[in-house]
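Labels for the chains are A, B, C, D and E, by order of writing; each one numbers its residues from 1.
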Amino acid sequence: MDKHFARTEMLPPLAPPVTERGVVKWLRENLFSGPFNTILTLVALVVIYKLVSAALPWWLNSVWTAESLSQCREIVAATAGEGASGACWAMIRERWHQFIFGFYPPDLWWRPVLAFGLLIAALGPVLYSGQKRSLTILLGIVAAYLVVTLSLTGAPTGAFVAAAVVVVALFAAVQVAPGRMLLFTAIYPALCFWLLWGGSIWTPVVAMLGFVVMGVVYMALVGRFGPTASAIAGVVAAVLWWLFLDIPITQALADMIGGGLRSVESDEFGGFLLAITIGVTAISFSLPIGILLALGRQSDMLIVKTLCVGFIEFIRGVPLITLLFTASLLLQYFLPPGTNFDIILRVIILVTLFAAAYLAEVIRGGLAALPRGQYEAADALGLDYWRAQRLIILPQALKISIPAIVSTFIGLFKDTTLVAFVGLMDPLKGVTQIVRADINWKGIYWEPYIFVGAIFFVICFGMSRYSMYLERKLKTDHR
Amino acid sequence: MSEHAIDRSKMKVSDEVAIQISGMNKWYGTFHVLRDINMTVQRGERIVICGPSGSGKSTLIRCINRLEEHQQGQIVVDGTELTNDLKNIDKVRSEVGMVFQHFNLFPHLTILENCTLAPIWVRKVPKKEAEETAMHFLRKVKIPEQANKYPGQLSGGQQQRVAIARSLCMKPRIMLFDEPTSALDPEMIKEVLDTMIQLAEEGMTMLCVTHEMGFAQAVANRVIFMDQGQIVEQNEPKEFFNNPKSDRTKLFLSQILGH
Amino acid sequence: QATLEAVKARGELICGSNTGLTGFGAPDASGNWTGFDVDLCRALAAAIFGDATKVRFVPTTGETRFTALQSGEVDVLIRNSTWTYSRDTELALDFVAVNYYDGQGFMVKSDLGVSSAKELDGATVCIQTGTTTELNLADFFKQNNISYQPVTVADDSEAQRQYLAGACDAYTTDASGLAASRATMPDAANHIILPEIISKEPLGPVVRHGDNNWGDIVRWTYYALLIAEEKGITKANVEEVATSTADEEVKRLLGLSGDMGVKIGLDNAAFKNAIAAVGNYGEVFAANIGEGTAINLARGLNALWTQGGLQYAPPLR
Amino acid sequence: MAVASDVPKESFRLSMLIYDTRYRSVTIQVFVLILFALFLAWLLNNTANNLATRGKEFNFGFLWQRAGYDIGQALIPYTNDSTHFRALLVGLINTLVVAIIGCVLATVIGVVVGVLRLSKNWLVAGLMTVYVEMFRNVPLLLWILLSYVILSETTPQPRDFRVTDEMAAAGEAPAASMILWDSVAVTNRGTNIPSPLFDRGLGSADLGFMSVNLTTLAYILVIAGSVWVNRRILASARAQQEATGDRPVTWWKSILVLFGPVIALSVALGLHLEIPELRGFNFQGGILVAHSFTALVIALALYTAAFIAEIVRAGILAISRGQSEAAFALGLRPGRTMNLIILPQALRVIIPPLISQYLNLTKNTSLGIAVSYLDLRGTLGGITLNQTGRELECMLLMMLIYLTISLIISALMNFYNSTVQIKAR
Amino acid sequence: MSEHAIDRSKMKVSDEVAIQISGMNKWYGTFHVLRDINMTVQRGERIVICGPSGSGKSTLIRCINRLEEHQQGQIVVDGTELTNDLKNIDKVRSEVGMVFQHFNLFPHLTILENCTLAPIWVRKVPKKEAEETAMHFLRKVKIPEQANKYPGQLSGGQQQRVAIARSLCMKPRIMLFDEPTSALDPEMIKEVLDTMIQLAEEGMTMLCVTHEMGFAQAVANRVIFMDQGQIVEQNEPKEFFNNPKSDRTKLFLSQILGH
């Protein structure tokens, strides 16, 4: 080609040569590019073959209906020949509800199911603040979920009506003022508590009134004494309310105007219901504590900072299991003589503290990611520390931290299995153990593990994927 | 600069003292960043501060609304001395508006929310009223139609104008500007300067760190030149540019006007 | 506060139970707890409230059981706990009775060719941790000057799995547990329980130290079941006996004369209710762990004293 | 020009405690401190009251009583006559052993998996993804239980190794055989590995408070010496490279120096292996590694490795493609590029999260409870607590020990981290 | 462009062939990115490649030192054909230097280490000698005083000059540039172009993807215009700019010179 060259006719694109096309190329590039890769491929194939050939017959010989393990074994022997092994899923058929609900009364299953559905609705405003479309879709999903699960668990008509009312109200709220949905999120904990444990409606209402008292006291004093002092006064007032007024008022109200759900004791909780209850409660209560700890850790007040760092490092430095043992063995040493409350509650308290320490670190990351300019602009506008935190800093920091909070939650949720060691009925070890204590199922090993493991996988994998999606969305989101 | 001739009718300087700084010194650790600053700003004055990078201009301006603490001397803003007393600080900050180089808008709030936040929470203005005020100022900076967008959706020049509007919503008596145009593309600088000129025309007391000498000549009634933490020279713009006294000023002007 | 009052105020009895031990206490598919220990809890509830369902079971582990009792989380612990000196004294607990006389034994596969525990030199032995078992085991091998390799396991079903898989040569636990395990094995005939019983394991209900009245209630409810067996009173015939009996002790037992129940703060019909709820000791035994059940334990030491066993109730008067 | 009048120096007023920036933080801190002290006092008071009502006292004397139980895996001399304190030490060592081996294994697996996940090989990358997702999204407890069951269900019993006379006569092979040149036996009770024995061991020197095994000491010294010499060799190689440009071949020297002296010492001391042998019920001789240990290590390592793999992958991905392209364009080979360019940069990204994984693993060793591995929790927090009924003392002591371990690990790793970071910038 | 007149005395083109590409085709998957490329570069030639975005300029240049693999045709660099043979690839890469758009300096090494790394490990040059060479080239690109800093501490223009020096330290016979100035601020572009002109003056064979048409006119002795993976036109700069033959070239030039 000479130095002066001008093309008159453009060349059309050509298809690549055979080696660059189709299956051959795919194989060559993805499996056999070079000797090392070929070896890897072969090794991988051998591994897959070994795994499949070891496990496949067992899966293929699965038995779905039997009364006991020995019957399972007989059926396997009859169909697949003597000495063959097979899975005995009949156990799951008979006992699945204990893995899911523990000993929760079957006629009340609709309550946790409803609480769980509303949880998703309550999470909506946190995940999609103010996004009408997403919130509407979410409510649609919740409604569909509730219709299906409520009818599956045989909920009474009242439950359907209540659920419908709540969902429709939320739907209306979303259309009119999406921000208002946060109100539902705020009252959800009380609602959830009431649905799960039942009892008088006044228990959660009066407990929530404590927060109202806190707010009222704060509002009344803030003008005169400034935010810090009035916040403290508010907290003190609320604590006094809970300590001294809560029970008598509840009692009085319950006597005057009854109404409530059948109460369910904590020890009837078990399986995934227990795991989710502990996980969700702990993570939601740990969020405010975690925020305070993170702010404390960022503070330039030495003592406050030291206390926060000390607390965080202590909790993060010891295994969760020792904290659980603390809940079951030591807490009663630390509390006034005679106090004695539910083991689940004690476990939740310790797990909450545990989660709070981890969340504090997560939120600290979010705080650190904010540019200094945001603090300065808030200062320059005359916002005080707490207002600046509440209006400017935390909304942004929390949004950045959502993916990390979700992974903390996943870790926590997996860790709820450890409550088995203090005698609670977690799905993995607790329920499995009582199932195996049944003479019919004594000696069954793999099936409950696989069943529980699969459910854990679905939940955790789903959540981690979702948080990755969220992370990507937040990154590109121009807001 | 601005297309229309600048209207100086309202740009009157009163006798009242807006800012009084005397014998002020500040250190960062052992580094003496501001040295014996003495300065009086009358109400209605428009002062431009210039000087080489690192000379302490930003620090000085940030001391005035106590984003930085000074260690010696006195700063009195609108009759309130800046001491450790939080009440005084709050008072001064609500009198003084500030515009930053990097806008520092709140990205999670809409433009309107950005503007109403401080009036509502600090001045306790009813939301409706705050929104009306905000729209008024947004109209003034010529972007009322963006009120419901988020800062991320605006160009730099628009963002800076929102930042100015946000400050104005607090109805400050003094405005501080810290290089408001230096993070902007050339086309956008003009929009922002126009807004500032408009402010000046309405008689706002302004302290402005900037290297836009055109702006200084057009609206300032005093130019302060700083170097190494000291006020080296101050004068009327005409005198300052045409007849600088100090060698350092001459050097600086030759560099900055050179290209 | 007295435990009885607390229980009455609460309206139900809280009974510390096992986290799941075949035959002695475990929930079934519908969540109902059944078992030998569980029935004693129910009898107690029946004695206090006249209603055997007013009882809640709190599963406790080896580590948490005594703390749960001490802290008042449970009212009484009925979960095969061995009565030992240090538990009785140092832990400030009271063992009020022995509802099952047990002893630690060994199970081996018959083809191991061992007929005495003393031949187990060098063997691998599976034990559960957190019990008295490991102390007894250590003492036994030391006394006989032979060595062993301990394999600690977390719970009974795990131990059984290990043993069946051949991961240990011998499995040691309370003889009742061994029998229960053996009964559920597919090839029960191939396993033998060695003759040596290397310890005394008196298992019984435990209450907090200091509340003697509560201890009396638990103790005498249990004895009531024993006396019932002695006197031939069963769940089925208790009403009938009540109308027809002439035996003074039976009358006292069933609340027909005297005020035995009232003396300990209960109803006079308390013991009758207990018997009516679960039957007498023999019935409870037979229904849960006795011969004829899958666990198939002989009465052995737990036979009434009249039949050569150790179960002996003091006179009810 | 109007001059502001001098503001008079104000005297101290009470409101300044809240409104003056100088005093405000002090006020708050004092307040917080008082609250904290009150809280602490409340806790201590409750504890004292509770102890009193239960007739207990806070006292660590029980640690010097006879423990009375046996521990399957004891790396320091221990019998059931030893004290509870010694049992604690045995447990602590067991914890540390699991943690250390677990960390090493997890790092190795994690790095390999992380790199393989980036492989162009679709099959391998897919397998690794499945592995990582499986392990990350299912509770660790399940993996521990599963690996324990797998280990004991898929391995032969000791008696399967037995060759009876009849079998010998018939020429039949036993059902199972030892591996690695008949030196290691994997049974369903554990893995029997050979133990080193010395004909001419150096014995041990008694220093009064503790005794030192001289043979071990000799090995440590020799190995330390070899490592030092090897470093000298590498340094001189580097010097030569700097001087002449040619890097001398050192690998054979290194091998010689690293292994020669150790082998020589072994020969001198008459090292031989005691091969486990089937006698009686069990393999005798050698060292028995119990399955509870192996299962715990495997599960911990695989579980943590899944997290480490993600960290490694992210670390490598964080280094832009441009870096390796620039290195290639300069003529560096892929291996060198990895060593000189990618790894030093990736390490800076990888190490901080790696530290927290090591911490997690160490804390997770406490799940050995699921397979009754007698670690610190199993001894001090398990059997000792159970036998003595001293839950307050045992739990506090146990938390204190775990906390100390955690703090030491994070301090060490942070130190290492800071050296890496300083080198880079 | 450069202040001093360009010295063309050494910029002679020899007859020797430096790069010979014939009938080369490349696909990304099924996308035909380079189509029938034929091109000969003589030693000492300075070639500028331009064309719209996505036309395959980068790909072409990256094929020359085998950062990308081609699937058809021949590329011969300095007499060595690029095949799958690793030895050939190593040989070519050590003859050919490359400068990237985003500098790609190694951030964990100092400037000096960046420059000596490849000579030491690839060319096996003694460290001392390598450092001397490196300092020589750093002086040439006018930043010897930065030798012990890290890349992160330098401005973009300085970093790009280091990148050029780093390539030169391998004493390459051919230099490839892939838009070396497009990630730079205007003031810095000049520093880098000056360095490149200096290189050209010394007779280096250069292939340069760039949109700096001033540079092309000043130093190139051939401009190649690519579009849709093909060489559409090539000519001497003067002819190319004043008298483009193909319609596409005209369109492109009107766009690029328009502003």
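Simple rule for what comes next: contacts are C-beta pairs under 8 Å (C-beta built on N, C-alpha and C of every residue); 3 or more make two chains touch, one makes a residue touch a chain.
No experiment lies behind these values; they were computed from the predicted model shown.
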Inquiry  = If I average the CA coordinates per chain, which chain comes out farthest from subunit A?
reply    = E
Task = Taking each chain's centre as the mean of its C-alpha atoms, give the chain farthest from subunit B.
result = C
Ask   = Which chains touch each other through the most C-beta pairs?
value = A-D
Query = Going by CA means, which chain is nearest the middle of everything shown?
reply = A
Query = Centre to centre, by mean C-alpha position, how many angstrom separate subunit C and subunit E?
reply = 88
Length of the line joining the C-alpha centres of subunit B and subunit C, rounded to whole Å = 84
Remark   = When centres are defined as mean Cα positions, the distance from subunit A to subunit B in whole Å is 48
Note = Taking each chain's mean CA coordinate, subunit A and subunit E are separated, in whole Å, by 55
Inquiry  = Two-or-more-chain contact residues of subunit C, please, as numbers and ranges.
reply    = 63, 67, 70, 161
Task = For subunit A, write out the residues touching at least two other chains, lowest number first.
result = 325, 329, 332, 421, 445
Multi-partner residues of subunit D (at least 2 other chains) = 18-19, 149, 153, 369-370, 391
Note = The chain pairs that touch are A-B, A-C, A-D, A-E, B-D, C-D, D-E
Query = Which residues, counting only subunit E, touch subunit A once they are in their complex?
reply = 25, 27, 29-32, 35-36, 38-40, 71-72, 222, 227-236, 239, 245-246, 249
Request  = Under the touch definition given earlier, write down the residues of subunit C that touch subunit D in their complex.
outcome  = 62-63, 66-67, 70, 86-87, 90-92, 112, 120-124, 128-131, 134-135, 137-139, 142, 148-154, 158, 161-162, 165-169
Query = Which bits of subunit E are touching subunit D when the two form their complex?
reply = 65, 67, 90, 93-94, 96-98, 100, 102, 104-108, 117-118, 120-130, 150, 152, 166-167, 170
Task = Please give the residue numbers of subunit D that touch subunit E in the complex, ascending.
result = 241-247, 320, 322-323, 325-333, 336, 340-341, 344-345, 348, 423-425
Note = Counting only contacts in the complex, subunit B reaches subunit D at residues 15-17, 20, 22, 40, 69, 74, 76, 79, 81, 83-87, 89
